[in-house]
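You will see two complexes here that share subunit A, one where it goes with subunit B and one where it goes with subunit C.
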Partner chain A sequence: MVEGRNRFSTTSATESTLWSTRMFSFILKRLFSGIVVLLTVSALTFFLLYFAGGSIARNIVGDQASPEQVAAKEVELGLDQPLIARFASWLTSAATGDLGRSWFTSEPVAQALSSRIPVTMVMVVTAMLLIGILAALLGVAAAVKRGPIDRAVQVSAIIGDSIPGFVIGIVLVTLLAIQLKLFPATSTIAPGVGVDAWILSLALPVLALVLNGVAGGAQQIRSAVIKQLERDYVRTLRSRGISENEILFKHVLRSAAPAGLTVLSLQLIGMLGGVVIIEAIFALPGIGPLAVSSTSQGDLPVVMGVVIYTVAVVIVVNLVVDVINGWLNPKVRVS
Partner chain B sequence: MSSSMAPLTPSSASFGQSGTVVRSSPFRRLLKNPMGLIALTVLIVMVLLAVFAPLLAPFDENFANISNTLASPDSTNILGTDSAGRDVWSRLLYGAQLTLLSALLCAAVAIAIGLPSGLIAGYYGGAFDATSNWVVSILMSLPGLIVLLAIRAAFGPSVWIAMLFFGILISPGYFRLTRSAVQSVRNELYVDAARVAGLSDSAIIGRHVFSVVRAPIIIQTAAVCGIAIAVQSGLEFLGLGDPSKATWGVMLNEGFKNVYLNSQLLLWPALAIGLTIGALVLLGNAVRDALEDSDQVREVKALDDAESANTAAAMGATSGVGDLHHAAPKPRTRASKEPPQVEEGTEHHLIKVSHLGVGYPQPDGTVKRVVDDVSFHVDRGEILGIVGESGSGKSQTAFSILGLLPESARIVAGSIQFDGSYTVAPSDDLVDQRRLASLRGKRISYIPQEPMSNLDPAFTVGYQLVTPMIRVLGISKAEAKERALKLLADVGIPHPERTFAAYPHEISGGMAQRVLIAGAISCEPDLIIADEPTTALDVTVQAEVLDLLRELQSRLNIGVILVTHNFGVVADLCDRVVVMQNGRLVEEGTVREILRTPEHPYTRTLLASMLEGKEPMTMLTAQTAPASGRGDQKEGLR
Partner chain C sequence: MKLSTKALGLAAAASVALTGCASGGGGTTSGGNAGPQPLTLGIFGEPRSWDSSQAHVGHGLQPYQVAYDSLLLREPDGKLSPMLATKWQYNQDNTVLTLDLRTDVTFSDGEKFDAAAAKANLDNFRKANGPQLNQLAVVEEVKAVDADTVELDLSAPDPSLEFYLSQAAGLMGSPKALGSEGIKTVPVGSGPYVLDKASSVAGSQLVFTAREGYWNKDLQKFSKVTLKTLQDSTARTNALVSGQVDAALLDPKTGKQAEGAGMKLVTNQVDWTGLLLMDRNGEVNKALGDVRVRQAINHAFDRKTILDQVRLGRGTPTSQVFGKESGAWVEDLEDKYSYDPEKAKALLKEAGYSSGVTLDLPALPAEEPTLLAILKQQLSDVGITLNVGAPIANTFATDVAAKKYPAIQFNLFQGEPWVAINQMISTKALYNPFKNTNPELQAMIDAVQTAGPEAGEKAKDVNRYVTENAWFAPLFRVDQMYYHNSKITVTPQVQQAVPSIYNYAPAN
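Here is the complex of A and B:
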């Protein structure tokens, strides 16, 4: 407490420079630890995939190939090299943005990813925005009004928890696409198609993702808001004659926002996995099918690419959430 | 006034009753909860089906009758056959076996990793704690399904390997809950006592810590099994499962391939998955509810401080508020628009509390009374002390005057009038927020007990002082800032400009309490309610804050209600005292009377314990004015 007073800044100008320097070093620190995580995860994945080992070259060249052809393929892929050397060479080219080529299709991994990421990201971002808005509205309403809204949110959160997202997807595709034919059952997304094709193809998958996450998000935002409403300072603000609306929108929501954002960021991380299954159900040309085919074949460069992309998204999301939370909470800003 | 009052003595029948709520064991409460009972039944049925699958299944899981594919249900294949002519019912049963067992493996792995590491990290802290937290934060930021895809690429399609690794991925949940439970228990007195008694660490952990984490682990395990089944079925639905084994996910995959031919193939495994996960989620919730119920009964016993009142508020939200009317001593209606006139001859009192009763409706329909038949008044320039132990109802009385009781609280008897008009009329069962909104902050203000938690950490001290003045007094921002700086100087803050710009966490507790006092007097109130204003402060700071209160009170000629458990503070500051015990007022009088000749045994006990037998302070015996406690007699004190 006492040393805190030494850090006082008398003018707002110095305060804002201090704040931006602190934020800058904070972001640098987080980026650095993000890179450490990225390295750790890629090394772990690489070493794990090493166990898949031997039969890969045989799988690629086919059953009819001679042992010489298999051996030649192994040399070509660098499989004859020791593990550490292989990882080092993967890492050095990955650092320059070259993630190698698929062992099975020879397509450059970076290209395969970049053609598919937009589909997945459009879906995830749309679903997340919808979940964020709806969950915040429902959660705050449930916390403040209690009563029927509150019960509805709690019950649907339990239902949402009980049904896996992909089961919702299966139900939607069976009912609305296959039985009622309201939506295409498989994607019509292809290079050059119009926005309407995107909307039609993504409506059901996004709906499945939203239905899966919205009630749980709302329930957790509800408890974050209730926790803040029960804080002592809220009572003191009331005793000072501040209106309920001002207390809610200026004070309570601001303090509840970090918890709410963290809830949503965890949902987004979960959604990166869930969307793989959703893409399979709706036959969408996103990251999902690539992830599935590469893992079932043991296509190491592609698996590595998918893992790197996912972990990078997670790191960026966590960084953004941390920065916003730091901006909202002066205590984090100072320390 | 008295004619409109209900007879109060019989009402005390409900007082204290809820403390005798019969506490059943959590398990019995779980069975009484219909959700819990249904969930348990579904799970038991699933487990029985899985265990007796070899007896119940008419066919082997992989027995294929190629001449009878995609058959509709008949007497041989009661749920039909799949695209390879395999019996759906048999596969469902064997699928239950593998699905449930592998989910249990996942939970077991997660517990085996998370529980011991959480225990060690929580109990010993240090480097292990730091490292494991780092690992946990990495594990938690990995998208599980993607990792499992990579595992599948490395180790093949075995569901056991997938669930083993998923158990590792999901172990942070157990780690975190064990660690925080252990940390909270580690510093408890009884653990210290056990340590002093020479118990080894492992004995302490075994005896005290496990009893704390047991219930959360059951809840967590229900959730983990549900997630494991969902993730595993998801993987297998993608076609990454082992096709030679029947699991619900593999069946789902097979069904989805043939969705255009026979959508029933999809229905049965989806139903099994949904039912099982749903039952697990419901079970987790029911266990949590059952445990929370028993906690609440325990906490309600000490319903004075705000924290337990909040628990009551949470509880009241789930229970029917209407119950009150059956148990309350008399039917009380909502506040009418025009409150009745106060009794003649009492208008001159600044605040007058008459026969006040405050209660919390309980789930069993009774009303737990925390304030019962309390009457007192305060005039301008007078300081009234309300003394009592925690649990005596003194804070609840103060919050009724402010209209800041928890939502579930009800005024079950009596009235409160401020400056000649009712804020709680004799017929009201709630504090009228509309009437109080025009008084709070403006004419009645509040100094809280704990300085640091009563300032919003996200806003500067200045903002929190200026905004009420702008709202209540309608002055400009610049004017409000000027006043705020002067107020900060008035309450003895050495560098008002600095404190004005500071955030609450940047100032000390004593400073924060001065800021709160400045806030309380900022709009020139007529009555200040101070709830243990010095309890959270250092002894030296306490004296300064008391001096400040006395000085401000006499200068501004305001009425003060000082809620405290400390007779020292009362002797120092107050004109008159009321003593409260168990929600009732047991003694009332001038400070001198009460300190010199306490009549009620409880007052004597309080005095004996708090003053340690010392004579009342000399200042009081020499200078205090006689009893009536009017403001004009305050001069005597100064």
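Here is the complex of A and C:
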């Protein structure tokens, strides 16, 4: 008896160690492929911006500048160097953590990103957590109860998808900030302000993102749960007299989770683009306005910084989702 | 979050200390000569660099005025008054400008303002390759004659030079900070306010506190000035009507919401909108080389209808490109090209283009799509086909200079006559890329250059010439819609959409 238990424990520990080793190896592989993706996207962005044309130097020195002024600015920025040499120079600096300075504002790119990323990430992560919780509750309720809740989720999903987030944002700011004066109309986030300013400034943008995305997420989770409920193993569990709650929470949700998580991760990645307009409407000092202005100006050091941030977020989100999926459902664990 | 912002503040303070450019009272003084009321303005964007040599015009000048004084002060009506220079005068042939300077002014880092400082600034402006470098293009040498006198030797007269000394070229920074890395992110001027870097976030808001001991109490009316960056017009409007900012530039559509919320309008005209018919020798578009075709284009437009539809009537239809306050404005040119489709058709026929003319325009960023749709329709009615090309982004100035476009639709600033001539009429002008000229016109331009105070009067001849020869197809002068709340008063500044910082005052 004791021997058997020991044998069982040993086997279980070995499996656990094996799984940990495999997962560690998987994470390393994904991180390595992430670095390759990062390098590829960086190179593509750098070259695309070059071929997008236009004289950055002319834009900086102004439309009244003489050709000599423009040429001098090109030399100052290193734009007279061959493209490959410029990319190599940028890459070498970036590898040491030096992302350079904005061509237009002289602000260090790392500083520009570090002051803006927290605003965007707090907004996006909060919105996604709320969407995740609400979508899971609504999706499961719609799948299990069906009837009016199900129909409401589906209709809401269509409405939520068809009304852009920025329209919801404008309605919210008009009603709750300007008419009822419950929230500030634009961001009050600044150095030294308290948590209350962050909460009040981010409440409406987060609400706009949640209203825009929750029903769509719920519909996807609903479909995943219904698909699992119709599987043979659920019928088998029912035939064995296992309670509906146990079937739902111990088996069905675990199996449906990967699909739901994938949908939510895609929503989060899509949201990184969608928040650009939301941040403009609420004048939030996030990444969005920086991304728009740097891209339209051709401010290459800043654009490259924004691209690195975006790709890094995508890589991390995908990795986290894969790891959670593996943890939740043995069937999708790496082999 | 608090930790990170504190850390940012510490980092900022450390960087200021390291660069040695920290203001003597930077971020530590408040109150000074000012009253207790703060001022918060919604602005389009922050300066690219706080180095005064990189200052811009229009919207771009106001932030610099918060921290920097200029040699001359431009009053709201355009008249020039003493500021850091107490007196100034030209020699007889307008080639030497001598300025007497104040002796009681210090910069925020404690450095003294004197002739050597003024010379250092003007020399720095001439070599720092800023966006307004051409403002001192005619200055050959700057001499510090004595401690409070500086002399500018010019290669040729420039009727706008005094105006420029009230603008970017006249901004004075600490000679110790000029050219340093620190001044790019922290202004070091002698102006009424100093940047509170710890409370500022680049791209979001700039906070300035009143500088203690500022020499001109009349120009320091607030305890604090906050410039809040609000690029989106919806955000600007919401911030204004909800009381987050005291004033902001809106447009006719968002202005209605502001008026509904009781905001007050300050308006003036700064730009003209229309077509620049640049290929006047017909190098790319042969038809544009015929003055009758250009005149036909002018007669094709129903300017009032266009103005009503595009800007809710907020503006003034016009056929001339010089502004009403420029001194070169001519009343009888205002309606030179009345809406007359039949006359347009007749002119095309007379020019041999009865079968039609094609006009290509690039689409510009932030362009009003309704405007181009209406222009296309009205030109089509007289037999001119308007093709709107692909939108362009940051290639605009380069492409214009490279003669890529025979014509463009644009908004252009209506400044001082000499500024306008060098912007769109002289052979040096960016918006005359085909270098159109002739001895008659050049003589008129030369007359403006040497006319001194009479430059505006002389520029009327240039105005008549380019209007009668249809160098352009102006549509209307645009009303700027600057709104403010009742806590402050605002005086409009001639030729500026956004008033100078000196034009704001507490209402009480």
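Before moving on, here are some points about what is shown:
Following the convention adopted for this analysis, the second predicted complex is superposed on the first by the 313 of 335 C-alpha atoms of A that agree within 3 Å, B and C clash if a C-alpha of one lies under 4 Å from a C-alpha of the other, contacts with A are read in each partner's own complex, and residues count from 1 in each chain.
The criterion applied here is as follows: a contact is a pair of C-beta atoms (placed from the backbone, for glycine too) under 8 Å apart; a residue touches a chain by one contact, two chains touch by 3 or more.
Please read all numbers here as calculations on a predicted model, not as lab measurements.
Once subunit A is used to superpose the two complexes, subunit B occupies space that clashes with subunit C. Subunit A is touched at more residues by one of its partners, and among subunit B and subunit C that partner is B. Of the two partner chains, neither subunit B nor subunit C is touched by A:Thr120.
In the superposition on chain A, contact is made by A:Ile178 with both subunit B and subunit C. Shared-chain residue A:Ala72: touches subunit C; no touch with subunit B. When the two complexes are overlaid on their common chain A, residue A:Ala280 makes contact with subunit B and with subunit C alike. In the superposition on chain A, A:Ile60 makes contact with subunit C only, not with subunit B. Look at A:Thr186: by the touch rule set out above, it reaches subunit C but stays clear of subunit B. Shared-chain residue A:Leu290: touches subunit C; no touch with subunit B. Touch criterion not met for A:Ser42: it reaches neither subunit B nor subunit C. In the superposed model, A:Gln219 makes contact with neither subunit B nor subunit C.
Only one of the stretches 3-11, 57-65 or 561-569 belonging to subunit B overlaps subunit C in the superposed arrangement, and that stretch is 57-65. When the two complexes are laid over each other on chain A, subunit A has residues 52, 170, 174, 178, 280-281, 296-298 in contact with both subunit B and subunit C.
Here subunit B touches subunit A in the complex through residues 138, 141-147, 149-155, 226, 230, 233-234, 237-240, 252, 256, 259-260, 263, 266, 270, 273-274, 277-278, 281-282, 285, 306, 310, 313-314, 317, 402, 404, 437, 440-442, 444-446, 448, 450, 453-459, 464, 467-468, 471-472, 497-498, 501-503, 505-509, 516, 519, 523, going by the rule given at the top. On the subunit C side of its complex with subunit A, the touching residues are 1-2, 4-6, 8-9, 45-49, 56, 129-134, 181, 184-185, 198-205, 207, 228-232, 234-235, 238-239, 241-242, 244, 261, 365, 393-398, 400-401, 422-423, 430. Those residues of subunit A that touch subunit B in the complex are listed here as 1-2, 4-5, 7-10, 15, 37, 40-41, 45, 48-52, 146, 150, 158-159, 161-164, 166-167, 170-171, 174, 178, 226, 230-233, 235-243, 246, 251, 254-255, 269-270, 272-274, 276-277, 280-281, 291-292, 294-300, 303, 306-307, 310-311, 314-315, 318, 328-331, 334.
Residues 52-56, 58-66, 69, 72-73, 76, 104-107, 111-112, 115-116, 118, 122, 170, 173-174, 177-178, 181, 184-195, 198, 280-283, 285, 289-290, 293, 296-298 of subunit A are the ones touching subunit C in the complex.
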